[in-house]
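Two complexes, one shared chain (chain A), two partners (chain B, chain C).
Here is the complex of A and B:
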């Protein structure tokens, strides 16, 4: 038992004292609400086995229907608190990964030249020996190995990090679209180094700066469930949504009002709204007076810098509209300002400041702090990939846990070409693609339903969750979990690697995690909505029950239900922290109008030849981690009916000037390259902006991935995507 | 006798297409390729279509599937009785009876009846993911949404074995079950206590192309205030 006295312990003990109060009127109200929730089953029917979707960081619980030992369909796990039996399109498509005809059938080593795609099948023992000998050879060199994977939290990702760290490698991750990325802005304002939890469901008015609420925001199934309830819920009025977005995203399409603004203009509008709220004293006085901090200074700066006329000139939005938005936002009872996970720091700061002005912290329909501190920060893969592309680093060994480094649009134009400079490339992807084609050694991993899982789910209001499950089926092919592969290599290497990797299989890591979680004596296995609510009430009342199970019973319960959840979070956390640190710390709004104006007009010199600013976006169907899910290609460009190909969204004026309409084929030409796309005319877009869907082209990938022949990376000149300008040519 | 119906709240619907994938996998609707899509022969029993709605700036993404009309034009023109309105209000399609004349595909104003120009194909490795409860349709027949009728048959067997009445949660089509925004409800429109009956009487309720007199049993709830 730990000798330290944590915050949670404090609440545990003080909670038991307060139990009588909490289970009084307040408790009864909450229990009545719990009673009204669909209670649902508390265990899965026999034909269904629990597993975990690994397509994004949400880690939704899934259940797999088994018929005569074969998986037939994937649906949401009704016990999972994130989705409660609901599942997005990508999650359901996951079964196609298991049956994919183009999976690697086992470990292989390259025989021809790199890129020739000539391979020899080898045994796992041979594969282990090859990687071990490569890694033991790198110790003497200064060229550190580099390991890249899609961001994930939990013991399996930790195992990967431990191995590569022991091999003196740099470990980097392609970032997930979770609230973890918003931590810096939240920390700066409140002083709490936790993830912010957005209570979308209970908001009455949402002003969203690019947050893809109806698509892929933070934890997509949670976001969509919350959106449905925000819109329509018995006993409440309809929630109003205003979307500020450069393109007419699915969320903008759903919004009551869409303001087409580029990312820089969004910062100007956010501070412009803050200025009006300050000028007209429309902020939440009770909240701002109590947690003033440097609020007066912030208000003075923002009012002085962001004059309504200037904001209007920079954004193209009439002053009267800006005034109305500020008044609407501050007049509703539970407003929330949402922001995309990958927003710039300036926009994030502006959004958290707006939330402070309307008193959104620690109230229903606002923002709470996650209950536990997040794991240590992780390195974004963009840095090392750019360093390889620029020739600054040349890793002796490059390890790719999956194909994510290759597919993200935000990275350099052709990571595969850059990766070729590595001496030795090892790929753990279950498929061949551009990167694994260049690899020297293929160590294919299982697909999700064949794997053990223990993944920390993206932080959202249902609570802290770790999705855990055993494999649903035996591996269809001769594949192996990377954790097991690395354990073998570590033993072959001996020394620090062997010491850092004491496990043998992925199962060991998952069981170890379950032991750790069991010892925390809080939360419990996934269960029905009613029982989860009951657990929350017990914990809030100081009654921590889960310690009564034996470790074995706890393990069985968690694996049988598909995960562990602790719904507890203290909803006065932000306010008590602000009290302790003397209030809010607003970041300076700076001279952003000038910066934005500069950004807006910076590349106008290139105007004649490349008149349009290029924005690249991903949709829920195009951003799936796994490109070998054929059904998702049918979902592209819907409902306008542009499946199976990339499309470019242009304003009505642009279409008229080019004499084209939706469905026409155009060539998008940048200083760096060209690609063809289908036109989608969107009325209301800014006429000097075109938005291109990023659908990864993988001509060396599986049979479906190969059908996409070109993607937005072909347009990238050296430098960032945001600065790319293009012209359109009729085909 | 129940009269099955579906209510879709367009204010909740996000257009995420989870229902489209659920339907494809549940009903063994074959996968496509870019060539199939280019030929305009995508097989989707359920798809989103853009429609202009009063008071909405952007076209609404309308989830469209067989509307299970109470006066189905497709059944009126079918020369063999392959498509007909069954006693529970489901517009049924009997594949062995279908001669592929495509009268029904032309008669249906919703364009949701699909003709099999070719035999459905899956890569050999994917045969295992076919749902054994739903038959594969051969070349030359018409197919469409069945309200996951096989789930009703299974539910009936289950409740008979358990010796109880069919409850609302026993029979839920795959699209309704997965909808992340909880925008879809399914049940007996004739049961005044059912959720669908209550939603269908909402002032927001409308039926798609109801002016044609087809009397659809798919009810939409309009977006907006």
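Here is the complex of A and C:
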């Protein structure tokens, strides 16, 4: 070192440099922090956690955005094979359920009169003891308990069924929008007691009888994705959709052609098309010759009964249009006839018969049989609820897992009156909703993001999927999973109930399911579309490779991804069953014209007092409009937008005759009651039909629900929407 | 110079002298007629590269067994060369691929040597594991095979028939891999041979898709996912290599000239580049002769259990891909013609770096991944100099790599 640079200089400069670096680093951090705060929440630490939407039986995978440990947003899980990241409005609104200010904060028992909404908080031990005591008391009576919940499959639903079956209860579900109600028609034609799966994506032409494909059909997110691919997919021409629907639904708006027909007329049109296909020998000969069954008799009957002129007269559709539709349907390579999940048995039979004529079974773009059979011993809740309403049964204990029993539009006119006959009602709903307000005991469940999940996805072809996830957050309130509640009650009861419910928590059931699935040595954790395709190709080739070395790793992988999927599906079950049972069994097509004619006659003879036929419908927003999801009330009446109110759709002629237009307020009056609604004029609807959106009212429910004061149930005559006639009064 | 220093000096000289030998022995495991066998490690899990296909964005242009969005469907391409030929083909298409990537605004991926090996193994595996996808078994043809080959004389396809010698074949329903069938037929070969001799049934020979068709026939009513399904884990070529040794297959068979000479050398190209069912058929066809040879040599009969047959067949399949022979002399010609303008090996940096000085180029896939990763810069320089993109014919990439590794061994500067 030269003389001009001394030791002192060295220390001075080094010290200065060090101080500069230190200060500079401090300043940089300060600026970075200020920048992070200025740029808003996107810089805050955030992560996504997988969970499952439990709003319907579709079991879509969701992911919850967590910021500082708090859930702030719900989106679709991109790894979930059902939605691949898409989610319906109801699913996205799920976050509101968690934060709903009117959630039940813990178990409670009724203190006032039933329906009066006066409650006393109790502990879970007290609640368990009350239910156990009630259930042990039922053994002395002849009146079996009844347990109702929304359709769901998987170990948690099985746990519910096992408990109630062990208590000698009837177990029923409300089959939502899946194809569970189509089983009977499918069974009659093919002999397979499974749900039919519609391969919409690969169809080239779809004739839909009221199927809300673009709204709530079967598994809504899957259906809408399939619809997108059906319309536009690389390497093939755009699929054509003809929608036969009483109202101009969202699906009808998107269709290439919309035919406005009432449900009775739809049956006539379906058989009318079958008659033309038969008369002109346009059916799929190869399929029909191989699986003939009673095809010849069916053709003879349908041709004799459904003459084009008569079909035209009953439906109002020109003969030339009917002929064109039949020819289009039979001329395309992969036609598919779709039907609404809650269609009548007559319409279901007609649709399955049409599908048989065009050879739509066990082929791409057609119908397959579901891979797994639905659980045994569960009945459709419609039967028991109607039986209670009619006073035919009086359950000693009525257990309601959620609000679904009465949320559907059409079952009973006065829910409180209907359920009054039950000695004791226990509700597991997390909210004060239609059913819980009637209960004697409230055992509130967690909301989905607080729960364990293992739900078998329904109605998604092909393959199998089980949506699995751990809770995203700890329970915010003193709630409990029904599986855990029932396990406690079972132990208190002892005997068969305790033997049937060996688990302690919902987690036990989920982990048990994952162990079972892991041992099957097929499928794998939810993964990208590409890797799912790779898995499928491996399995087709006879191979399977485990992505996880240990059961713990497998469990972690499945829970981390949000579920398990096995994309492999070996088709041919329908054809092999038909081979074994000597062909198709068509139902008799005879009664439909008479039913349609009767409906037409009723319409013409109703007179001036109640001139309109009432059709009650649900949209994706109104179906899911819960008292705890206010954002869905904002979405009502789309695309016109009639938030927070029920609306009624009427034909242009009807609007002109009444001197009203879209946006006017009317009173819809039936012999049974009246309610207010906003008018939406829909050109092309039949002039003698008014379609009323069902938006569930719950004046005693949470703060959001109180905004809706009346709903379509008040109008229904004799418990049936189909027979109800109304008039419209200007307000 | 003190004694200790002499010793240290001598040790250093020895170490330096031994270095090229060690490198050369790593790079080449044999030398035959001027060519060396390059050490390409067999993959343990050939399907591990499936994820890379997505991660590296290959899937944006290529599909596997589906209509491809841009590039060819790699699942449908029959590629019979070695793994290095596959990587060479990859290189040949690099300019086109990069151009397409630019159009599609895709960042060209960087690929490490391990990833390059995994990708090559995966693309190789794809043909192997899923070749039946292209030609699914024909149940009707399988029924014909079942009758014509005489299976029907001893077996009932649906259930055990007391009037037939063999067991019912219902057990194969739900077992979707022909390896189940091949393993059972192999293991029961001697018993079957005895029964067939007694019944006067000739030893059937399977060719082409016949074994696959036979399986399709046995699966004919195995529909719906409700039925229990049993799969094989994809075989591990590395495990198969170990089994090949432990089952004493090497006593009769050689691999690239190493091993016994009773049976054929199994490292012959094309012979075993077939579908699983075809390889299984080949093994069955030769099983009688093999059993006779076992007896003659006093070797205990070899049977397979669990995944062993899958592993062995995977090994035999991958053998041809992983047995890579390169001729350094030809590699020098390729180097001089294409690479020598910009690179030297031990001669210092030119336009490009001195390849002897670059670290990490000590195994074939490291060379290929380095070439891929620097393709953009190389392409730019070559365009500036109006040079054409070098293309590798089958075998060229192996020759080039053999030359490069040999030369690097002579210049241990890295």
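The rule we apply is simple: the second predicted complex is superposed on the first by the 666 of 731 C-alpha atoms of A that agree within 3 Å, B and C clash if a C-alpha of one lies under 4 Å from a C-alpha of the other, contacts with A are read in each partner's own complex, and residues count from 1 in each chain.
The rule is short, and it goes like this: contacts are C-beta pairs under 8 Å (C-beta built on N, C-alpha and C of every residue); 3 or more make two chains touch, one makes a residue touch a chain.
The structure displayed is predicted, hence computed values, not measured ones.
Between chain B and chain C, more residues of chain A are touched by B.
Contact with chain B, but none with chain C, is seen for A:639 once the two complexes are overlaid on the shared chain.
Residue contacts after overlaying the shared chain place A:256 against chain B, while chain C stays out of touching range. In the superposed pair of complexes, A:630 makes contact with chain B only, with no contact to chain C. Looking at the shared chain after the overlay, A:101 reaches chain B, while chain C stays out of its contact range.
Shared-chain residue A:371: touches chain C; no touch with chain B. Look at A:227: by the touch rule set out above, it reaches chain B but stays clear of chain C.
Of the residues of chain A, not a single one touches chain B in one of the two structures and chain C in the other. Taken together, the chain A residues at the contact with chain B in this complex read 67, 70-76, 83, 85-89, 91-93, 95-96, 98-101, 213-215, 220-221, 224-225, 227-229, 231-232, 238, 248, 250-254, 256, 258, 620-621, 630-635, 638-641, 643-645, 683-684, 703-704, 707. For chain A in complex with chain C, the residues that touch the partner chain are 234-235, 369, 371-373, 463-464, 521-522, 528, 530-531, 533-534, 537-546, 566, 568-573, 576. The touching residues of chain C, counted against chain A in their complex, run 45, 47, 50-51, 53-54, 59, 64-67, 69, 75, 129-133, 175-180, 221-227, 229-234, 276. Touching chain A in their complex are the following residues of chain B: 9, 11-12, 14-18, 20-22, 24-26, 31-34, 37-38, 42, 44, 47-50, 57-62, 123-126, 128-132, 174, 177-183, 223-225.
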